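Structure first, then comments.
Chain lettering (A, B, C, D and E) follows the sequence in which the chains are written, and residue indices restart at 1 in each chain.
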Amino acid sequence: MSLSASALLAADEAISGNIGTVAYGIATLGPGIGVGIIFGLGVQAIARQPEAEQVAFRYMLIGFAVVEALALIGFVVPFVFT
Amino acid sequence: MSLSASALLAADEAISGNIGTVAYGIATLGPGIGVGIIFGLGVQAIARQPEAEQVAFRYMLIGFAVVEALALIGFVVPFVFT
Amino acid sequence: MSLSASALLAADEAISGNIGTVAYGIATLGPGIGVGIIFGLGVQAIARQPEAEQVAFRYMLIGFAVVEALALIGFVVPFVFT
Amino acid sequence: MSLSASALLAADEAISGNIGTVAYGIATLGPGIGVGIIFGLGVQAIARQPEAEQVAFRYMLIGFAVVEALALIGFVVPFVFT
Amino acid sequence: MSLSASALLAADEAISGNIGTVAYGIATLGPGIGVGIIFGLGVQAIARQPEAEQVAFRYMLIGFAVVEALALIGFVVPFVFT
């Protein structure tokens, strides 16, 4: 068996795939918790003061947008660092 | 000693196993904490307002179902990405 | 220098040890936090209602037992998956 | 195919990049949560006692400075440990 | 190019350093959060009951000592497992 064939055989049974998929997985970790905190505490705020529903929902959406963007950037990052 | 035999010997004393098992382990991390938060805060809500037990339990089950699914999907994911 | 000798030399200065030790370390992460939450909130419950000390301690022990077991299973798992 | 060419070919399809980038990513994990806790609880403190806004903001900035520094040091650390 | 020279060249551009440094970094993760919880909740306890400052500080120091020890043991552990 030549060295090249041995290396290819080893690659067949090794870990394969692009590390960019792991990057997106990690990029969702913080935003996932963050959006959960925003809407969880937002629901509690609205339940405590129902008349503030419009205001609370507006700020929840602002926070959601800037946090969600961090995870979505993780989707395009593997295309940048090829 | 030939190169192929040396590579096999190294594989015997190296880390072995499928990375899919690690994937399922990681996939249970968030859902495990999430279901714990749902039922922990749910128990507190029921203890504070016992008459809302039926309603609280229904929403706890809805949240539990969608969160638990994330971990169970981690069980079938290694079959998809072989 | 032959290839086998070169590989052994590299192994001497590489990362060594059993991945099972890392497995136990990770297995203590969740239970360590979990038991801390149980006894921390348990102490707060007893301090708020001292007459419920017996009841609270019984439930703290039940929760402690099922959580601690997860970490202790991590101690025997490397013997199973050799 | 010679051995050197095979190794270069393997490097082309392997994980590349400097581990210092991962170091900075990890270095932002704790400070990111920490600064979030400082300003999140700070906003709650100011909303509860609006007359303490100046004092609260001063302590928020002190905490922010010492926490943010930890992450910024993670930016220069890869230059130190080359 | 001989095989040995190729391996040395690869080592020059690979990840280098002792895994013990990563071990200490991980060992500070839990104690860092733990001491933060102790002193953070301790400050809140003292602010709520200023006459309990001496007692609270004593228990904060006890907790700090046993938690900080975990991280400092991570400093000597790489000398044990060489």
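Criterion: a residue touches a chain if its C-beta (ideal position, glycine included) is under 8 Å from a C-beta of that chain, and two chains touch if they have at least 3 such contacts.
Remember, it's a predicted structure, so these values are computed and weren't measured experimentally.
Asks: If you walk from chain to touching chain, how few steps can bring you from chain C to chain E?
Replies: Minimum number of steps from chain C to chain E: 1.
Asks: Using the touch definition from the top, how many steps at minimum link chain B to chain D?
Replies: The fewest touching-chain steps linking chain B to chain D number 2.
Asks: Considering chain A as a copy of chain E, what rotation angle in degrees (nearest 5) results from a C-alpha superposition of the former onto the latter?
Replies: Roughly 145 degrees of rotation.
Asks: At what distance in angstrom does the C-alpha mean of chain E lie from that of chain D?
Replies: The separation of the two C-alpha centroids amounts to 17 Å.
Asks: Give, as an integer number of Å, the spacing between the C-alpha centres of chain D and chain C.
Replies: About 27 Å, centre to centre.
Asks: Please set out, as single numbers or ranges, the residues of chain B touching at least two other chains.
Replies: Answer for chain B, listing residues that touch two or more other chains: 3.
Asks: With chains as vertices and touches as edges, which is it: line, ring, star, complete or other?
Replies: Its topology is that of a ring.
Asks: Let me make sure I follow the ring: beginning at chain B and going to chain C first, which chains come in turn?
Replies: Order of chains in the ring, chain B then chain C onward: B, C, E, D, A.
Asks: For a test of understanding, state which residues of chain A touch chain B in their complex under the given definition.
Replies: Within the complex, chain A contacts chain B at residues 1, 3, 6, 10, 15, 17, 29, 32.
Asks: Looking at the complex, which residues from chain C come into contact with chain B?
Replies: My answer: residues 3-4, 7, 11, 19, 26, 30, 81.
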